[in-house]
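Right after this note come the structures.
Heads up, the next two complexes both have chain A, just with different partners, chain B and then chain C.
What follows is the complex of A and B.
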């Protein structure tokens, strides 16, 4: 494949690579933490985009897979003494299986009913974990800091997780690009535009939707493992934070849902804005209000997001921005 | 028989939309399906292609019982349809719309092959230059052609056309009829619902008439348009009754 002729393919990867290399160049832990948050947002937003952007199903509780993956991975590392790589695999697999089973049930619902069901699932998962003793119940779990010695000490472990997060972000974008330009993706977009018509044309909608849901659950699960491993402790309230779900939607919508580049730009821009707001005294306590207001404005004025808007206005950009 | 509809009933709550409808469709023919508004024609299409399950009766397609099949299962077996109210995939290009039909239809084509098929089919229905446009930028006549292109791209055995002529002007109707004739020449069996009486009478080999969900007449166009039961069914609609009479007269002259 002459991939260099496809800017839609390499542009997102190069952008993430550029952002990702910043902390390495400066060697600064502070920069690394900022970029880690951006990478985390890119993974979450791009994953959600597989469902929201390509398939047209709004999941309001997508953070449930991040929390679930985080808990499973954390449990394996802290209570079972398993290595990080195994935790990452399990942290991706368990949410995938959960999404498969849940999808069979709730993907029959359309529109607002599906969105409501996903909120219900997130709340149910949090309530379950809060009362599940092996996972520490309401007080969660802590990592014994001895664990980090296997990874060359705490400082080194932080860098390792950082690079893993960078790799994961690149993997999500690759998956997003290949999904979009595949037959599977075409079927999903047909479902997004008109599910009944897609069915009549032969798109096997139940399985297509389920696989989109499964894929969109894998990456947040792995990201959850990385974040909570780095964090050192996990709590039900941190893992299943509903407003993260809403922020994910804001990022996707801001950048442009249904595009590869959009969620990446949206995630980066939103996290920069959020960082600024958090250190601005007036906005510190109301940064979520800003997220809500942004969502409202986007939906009202540029529902197609920045990338979608650019593609509409500047025809030659359609070849560059996917 | 390519399609056998046997004693099909369909209820919507207390309303019986189809009662004991039995139709046989021979391979290669064009079957006209006519009847006054609300007669159950589109409902019959929806039952045939699995959008609604039949409440009673059975459907056989290509010799296999397909009662209770899903629309996508039927599509893969070789059934394609157009919609009375056009259903374009608005945010996809015209070409992508047709590729969906080719990719997921009977041939199950790869993306690359579907792109070639899409261009061929678009040229066939006269939308060759519209490929890169978004589907929602088309006008109604073009959207009707797009519906047809999507259905054809699946290379179906049986094609259900739901009022493809409605809303078209005279010259567009002429063009569409020509296209339908060419489709038949490719060996595709066609059932068409149509209100444009002279068109359906001219193009069909056989015509079946539905009224209040019941099959009240079937036969050649000439037989059907002379049938008193059919004329009576259309009496509630003077304009259509007149068209029917007009069609009967023309057929008589030939």
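What follows is the complex of A and C.
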């Protein structure tokens, strides 16, 4: 395996590793929180990219899987007293099953109809959780602080979730890379370019689309478990924030959809920018305006994103950036 | 039972006209240029705040203020089209969805910076009308009448005027319309403006009887999606019909179960409709 000859493979992994090692070197909790947010965004953006970038289906409600996974995992930990690893497995599995069933139905829709359906599903899920008493209804759930003692105290538990998030980010990028270079991924990209033609060429489009949807649902689910375990409480409004779905799309578009490196760069850049805007007094109130203007400029002028644009302009980079 | 059901039914029905008006704007834009306008919600909120500002600062009658708001909505729509939509009008759906959504973000951002997210209300009353056992709020009745009036005017405009005919021609076949010498960019900009104008008017009408925040446009935008799918995407009159159905549901469901279940049912209905009858309830089976 001459993997070292393929920078497209190891470059994203090394980048995430470098970002991830930062808080360990400094040992500072503040850096860790910042990097955790970036890792969270990388996981969400990269998994959305599996659907949006490779398959070309715009999901405006992808956050539904993050919320669902978070709720399932949180329920297992807080109300059933299950360990974190089990919650993580369940938090990945339940969204996957949900995506499989949903995908069977809504992936038949194309273009704008699919996007509208995903918005509807996100709103329906949030409204449902608000009324679902076992999950705490509108007030959500809280973790008993005692839970953290099993993981060596609250401080240690925060580091554990951090490393798990780092591992998850690496796993998403690996999945993203292998998906892109596999026959399965090629089929998805054929669907993106022209679904009817792909079908004629022998891609079994319903099942390919469904599996892409399932894969892109697993990672946000697990990430949801980690985030809300760390957070200590969960609310319907936090778990199913439609806005967050859009931010994921902004990150993917900023970096370059359909690339492995793009969502990673987009997520890191977007979160850094947002952090800077939030602490700058002039921009604190208008950070949404800045994000919106940025998205508009990208959509209008460089719809292929930073990585896509670089690949187009600088030929030798095509070998380096996947 | 009838004693509770009838008033909430009528209330919902009156509200439905206003919902339908908002949805009609969305439907018009879709019908003419196949764009789903995700900045619909903030425009509705802009209509609300427009009426609020004119009423509380200058003391203008809310229904007079509505005319100003409508004109502002028309201009805002033309501007949004020119800045954000025109360049990507032929690009894949993702581009127009994202472009209009970025406009949404910008408007919401500016709105929250100016007004924060505290609720406002227009302190205005037209009394109420007694109709047998029914007590109808004057503002709601007026809103329903105005919604019908605006719908009628829109149809007259589309059917009788030259500009309206241009819009219909472009909606039918843009390339052919261009070959016939119709300035398609102008027709598209105008129809986008008309769509946002309807949203702004609907927002202004809602403001006369409900409290609102900068973010409440989002809820009405989502309702507009449901309604548009109910009536068939791109069919403005169907949108009015869909609005009446949704308004009735919103009026009647709380009689039978808790109000918080209304959105659950609405969105489940929405997803089912998209799956089973994407061309709307009114459409003929193909």
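Convention: the second predicted complex is superposed on the first by the 322 of 322 C-alpha atoms of A that agree within 3 Å, B and C clash if a C-alpha of one lies under 4 Å from a C-alpha of the other, contacts with A are read in each partner's own complex, and residues count from 1 in each chain.
As a convention for this text, a contact is a pair of C-beta atoms (placed from the backbone, for glycine too) under 8 Å apart; a residue touches a chain by one contact, two chains touch by 3 or more.
Here the structure is a predicted model, which is why all the values come from computation and not from measurement.
Within the superposed three-chain model, A:303 lies in touch with chain C and out of touch with chain B [touch as defined at top]. Contact with chain B, but none with chain C, is seen for A:183 once the two complexes are overlaid on the shared chain.
Once chain A of one complex is fitted onto chain A of the other, the partner contacts of A:193 are limited to chain B, with no touch recorded for chain C. When the two structures are aligned on the shared chain, A:204 is found in touch with chain B, with no touch to chain C. Shared contact residues on chain A (touching chain B in one structure, chain C in the other): none found. Of all residues in chain A, those touching chain B in their complex are 181-183, 186-187, 189-190, 192-194, 196-205, 258.
Chain B makes touch with chain A in their complex at residues 49, 51, 70-72, 75-76, 80-81, 83, 87-92, 96, 99-101, 103-106, 110-111, 114, 150, 154.
Chain contact summary for the complex, chain A toward chain C: residues 52, 56, 58, 60, 105-106, 108-109, 111-113, 115-117, 119-121, 123-124, 127-128, 130-131, 138, 246, 249, 253, 285-296, 299-300, 303.
By the touch criterion given at the top, residues 34, 36, 83-84, 87-88, 91-95, 97-99, 101-106, 108-110, 112-113, 222, 225-226, 229, 258, 260-261, 263-264, 267-268, 270-271, 274-275, 278 of chain C touch chain A in their complex.
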